[in-house]
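Both complexes below contain subunit A, partnered by subunit B and then by subunit C.
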Partner chain A sequence: MKNGYIGTILRVNLSTGSIAKEPLNEKNANDYVGARGLGTKYFCDEVDPRIDAFSPENKLIFMTGPLTGTLATSSGRYNVVCKSPLTGTIEASNSGGHWGPELKFAGYDGIIFEGKSEKPVYLYINDGVVELRDASDLWGMDVFEATHALEEKCGNQFHIATISKAGEEGVLFAGVMNDLHRAAGRGGVGAVMGSKNLKAVAVKGTGSVFVARPQKFFDVCTAARKQLAAHPVTGAGLGQLGTMILVNIVNGVGGFPINNLKDGSFDTYADDISGETLVAKHLIRNKGCYGCSIGCGRRVEIADGEFKSKGEGPEYEAGWSFGGDCGVHDLGAVCKANFLCNQYGIDPITMGATVACAMELFEKGYITEEEVGFPLRFGDATAMVKATEMTCKGEGFGKIMGLGSYRMAEKYGHPELSMSVKKQEMPAYDGRAIQGIGLEYATSNRGGCHVRGYMISPEVLGIPSAMDPLVTEGKAATLKVFQDLTALCDSTGICLFTTFGQGLPEIAAMYREAVGSDESDEDILLKGERIWNLEKKFNQVAGVEKDTLPPRLLRETLPEGPAKGKVSELETMLKEYYEVRGWNADGTVPETKYQELGM
Partner chain B sequence: MKQLIIKPEVCYGCRTCELVCSFGHYEQFNPKMANCKVYEYDEAAVAIPVVCLQCEDPACMKICPVKAISRDENGAVVINGDKCIGCKMCANACPLGNVSYHPTLRKVFKCDLCGGDPKCAQFCPSGAIQFVETDADSDRRAFIGERFKELIGEEK
Partner chain C sequence: MIVKFFAYYRDNDFAGCKEISMQPVKTLKELGEVLSERYGEKFRNEYFDATGTAVGERTIILVNGRRVEFLNGINTELKDEDTVQIFPVVAGG
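And now, the complex of A and B:
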């Protein structure tokens, strides 16, 4: 096809070994765009939401968008869609790097994996040649070992998406890693892949991606790139300091959570683990995903000491989870823990937050030194790294931490100490100091998550316009727009980070010229709202718990900092949110809403 | 005259150059049709953009049996598709591998500086590929002057 899409979907049945190439469902592509939206549509049409996430009935869908692999800035993205074993919700986990574009160059918009293989396999894709191959010798390998082994077997021009032992053994927050360091990290998509005995997908392609109106597409992409280059966040801040730039900024508004969200400000310690310090002391070089003009990736080396190591990252959220949330301000330890997560393919947000929860359980005496194997106290960098490593490798107490903080805390009788929503850990912003992000955590269709509607933009960074983080007024309406726009952005195949410097007009323009549509900006944004409601519909049938926050955010006031004395005023915002979404007062979606959205 | 220069030390491996090159020449996004290529080495943490720098004494031009390769007014060594017989000798003769053969297009291709305004340089976000006026006093050695300044200079 010549409209951003390739026009072919690979359907791989792991139970029977059959591989079919089927034409892309063009109506669904039009209605649900691509990547996150289209993958979810395929999934919801084919899978009963009530299934067990680890049953062969769960499917695993890798999907690109119409802008993936094009000149649209940061177009290296694809999504992995399945039912999450961590949350029980629909999951669309988003990753960058070069793997997604390569899948399109090989001639496919996406891959639908069904069933479960009897023995370990990997999928080999070399343009038209698609084969399931034996992966017995790769089973048990970590991400780096498996990637290098597959490059050796297939050729170094192949791009590899793989899981590690953590995914094979069902760590509930194991991700899929591609191009060594890029992660479809959240929600346990790697554990679902492991449950299917699917180790990896190796892909190489020589084909092209065409767009509908080439010259106009080129013009709008060029204009958007200039705009991003001129913007202080996308043109300077993120490239120079990476996402860790946020440590000092968020700490400044009192929203950088400390010690499993018990405390509220990292006072003088924040700068020890800031983006500025990372660049000054440990940065080797920036790294960019495919077609990216931002280059926020960090190649980092801890040259010496106890945590001597080298790798990519950490992102701000990992900097927080292993740093502030565990009371650790040793940047070497934070980096080391993050590199372990990359190597073993697990989500560093849930990992760090689970260690933090274990630290609180330990300090309160709910778990013993005997169970853990060593004292696990806030601020102990060595213990934090050790706990992470044990989880990565599935050793001892690590097996319990591999369940995530909710199931772990529940096991010890204190689920209220898990800082999670729908059993997924909230990231690095306190919903008491930044009210809107709390509403986002509560309403996100995949549990505790910041990248479904990044309210930090208006509430902290003042983008596109500033909102007071401490008030609730207007947050619901703004969040709805952010969630819908994000669903659209994720589904086109470009990076959410571009939305610091570009908005609906630019994304809609690129989408129109790529697919050859004349729809208005509003009609295109409506696709985002449709995707949001589809995800919600799945969750409703799946029986996902109601939208709320951990009791700590609702009842315990922040003890210090600019937001001292605040709790999350969730109920107020939630009521307003359901109204602006056009949903019932109890958060369910009326049939009429689906009809209105043409679902 | 302007020349393409590469600065691998700042390349972060986004491969926008490959994308925009293939699009500029064929209106499609396909790294395998690009006249430039980025090689990434994970362990060493480097990415190296490789592109034809238009030799003063081009082997491709010398070996072409039908004189299909010439230098244009922008200094680019270009292939005339009408004259080319597809013998691929140029691709074999280039000591740097900067002439390629594409099996689907069934033709040889190399950098033509996009007619005087190379898109790879225009779109490179990191400055790893630039199209600049160069003279004998290259800024490449300026850094050593800076080092000496720091070492023996008075200003603190």
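And now, the complex of A and C:
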């Protein structure tokens, strides 16, 4: 096809070993765009939301968007869609790197995996040659070992998406890693892949992606690139300083959660684990995904000491989860824990937050030293890294931490100490100091998550304009727009980080010229709203719990900092949110809303 | 009064340090004048907008953790015990 899409979907039945190529459902592609939206649409049409996430009935869908692998900047993205074993919600986990574009160059918009293989396999894709191959010798390997082994077998031009032992053994927050360090990290998509005995997908393609109106597409992409280059964040800050630069400013407004969210300011320690310190002491070089002019990734080395290591990251969220959330201000330890997560393919947000929860359980005497194997206290960098390593390797108490903080805390009778929403850990911003992000966590369709409507942008960073983080007014309406725009952006196949420097007009323009549409910006944004409501519909049928926050955020006031004395005023914001969404007062979606959205 | 600098505000062609302790000044505007005098034009051009009557578009200033847009902008009054934090516009996530 010549409209951003390739026009072909691969359907792989792992139970029977059959591989079929089928035409892309063009109506669905039009209505749900691609990647997150289109993957979710395929999934919802084919899978009963009430299934067990680890049953063969769960499907695993890798889907690109119409802008993936095109001239559009930062267009290296694809999504992995399935029912999450961690949250029970629909999951669309987004990753960058080069794997997504490569799949399109090989001639496919996406892959739908069904059933369960009897023995370990990987999918080999070399343009038109698609085969399930034996992966018995790869089983048990970590991400780096498996990637290198597959490059050896298939050739080093292949791009590899793989799981590690953590995914094979069902760590509920194991991800799919591609191009070594890029992660479809959240929600346990790697554990679903492991449950299907699918180790990896190796892909090489020599084709191209064609767009509908090449000259106009070139013009709008060039204009967007110039705009991003001129913006202080996307043109300089994000590339030079990386995402860890947020540590000091979020700490500055009192929203950097400390010690499993017991405290709200890391005082003088924040700078020890900040982006400034990372750049000054440990950065080797920047790294970018396919076609990205921003290049926020970083190659980092801890040259000596107990945590001597080398790898990529950490991103801000991991810097917080292993740092502030565990009360740790040793940047070497934070980096080491993050590298382990990359090597073993697990989500560092849930990992660090689970260690933090275990630390509180330990300090309160709900778990013993005997169970853990060592004292696990806030601020103990060595213990934090050890706990992470045990989880990565599935050893001892690590097996319990591999369930995530909610199930772990529940096992010890204190689920209220899990800082999670719908059983997924909230990331690095406190919903008491930054009210809108609390609403975002509560309403996220995949549980605690910051990239489903990044309210930090207006509330802390002042992008596109500043909103007061301590008030609730206007947050619901802004969040709805952010959620819909994010769903659209994720579904086109470009990186959400571009939205610091561009908005709906630029994204809609690239989409229009790629697919050959004359729809208005509003019509295109409506697709984002449709995707949001589809995800919500799945969750409702799946019986996912209601939108709320951990009791700590609703009842325990922040003990210090600029937001001292605040709790989340969630109820006020939720009421307004359901109104602006056009939903019922109890948060359910009326049939009329689906009709209005043409679903 | 404590003034803290972040990201490129710490570079040698800006403040060249992480933090200073200084004699109290009355307002953020006055602080900007004093610091620009000390650190030069480059600093001034970031701290102030083109008119010199507001905080520069590429700068975020917090006074005791509150963004100055929600206080009194560049005319926010300062007290001896205040902490001022100066950042360039940053982002991540």
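One rule holds for everything that comes next: the second predicted complex is superposed on the first by the 599 of 599 C-alpha atoms of A that agree within 3 Å, B and C clash if a C-alpha of one lies under 4 Å from a C-alpha of the other, contacts with A are read in each partner's own complex, and residues count from 1 in each chain.
Simple rule for what comes next: contacts are C-beta pairs under 8 Å (C-beta built on N, C-alpha and C of every residue); 3 or more make two chains touch, one makes a residue touch a chain.
Source: prediction; values computed, not measured.
A.B. asks: Looking at subunit A, which partner touches more of its residues: subunit C or subunit B?
C.D. replies: Touching more of subunit A: C.
A.B. asks: Quick check on the superposed pair: does A:T70 touch subunit B, subunit C, both, or neither? Answer first, second, both or neither.
C.D. replies: first
A.B. asks: For A:S208, decide between first (touching subunit B), second (touching subunit C), both and neither.
C.D. replies: In the superposed model, A:S208 contacts subunit B only, not subunit C.
A.B. asks: Mind working out whether A:H98 is in touch with subunit B, subunit C, both or neither, as first, second, both or neither?
C.D. replies: The first partner, subunit B, only.
A.B. asks: Identify the partner contact of A:F500: answer first if only subunit B is touched, second if only subunit C is, both if each is, neither if none is.
C.D. replies: Once the two structures are laid over each other on A, A:F500 reaches subunit C alone.
A.B. asks: For A:P562 in the superposed arrangement: first (subunit B), second (subunit C), both or neither?
C.D. replies: second
A.B. asks: Touch test for A:K393: subunit B only (first), subunit C only (second), both, or neither?
C.D. replies: Once the two structures are laid over each other on A, A:K393 reaches no partner at all.
A.B. asks: Have a look at where A:V253 lands relative to subunit B and subunit C in the superposition and call it first, second, both or neither.
C.D. replies: The answer is second: A:V253 touches subunit C but not subunit B.
A.B. asks: Taking the two structures together, which residues of subunit A meet both subunit B and subunit C?
C.D. replies: Common interface on subunit A, subunit B vs subunit C: nothing in common.
A.B. asks: Per the contact definition, I'd like the list of subunit B residues that touch subunit A in the complex.
C.D. replies: Interface residues on the subunit B side: 12-16, 19-20, 22-23, 26-33, 42, 45-47, 103-104, 123, 125-126.
A.B. asks: Using the touch rule from the top, collect the residues of subunit A that touch subunit C in their complex.
C.D. replies: 232-233, 237-238, 241-246, 248-249, 252-254, 271, 275-276, 296, 315-317, 450-451, 454, 456-457, 461-463, 466, 468, 470, 496-497, 500, 561-563
A.B. asks: Where on subunit C does subunit A make contact in their complex?
C.D. replies: Going by the criterion above, the answer is residues 6-7, 10, 18, 58, 60, 62, 64-67, 69-70, 85, 87-93.
A.B. asks: Which part of subunit A faces subunit B closely enough to touch in the complex?
C.D. replies: For this pair, the touching residues of subunit A are 69-71, 98, 105, 180, 206-211, 214, 218, 225, 229, 284-295, 297, 299, 310.
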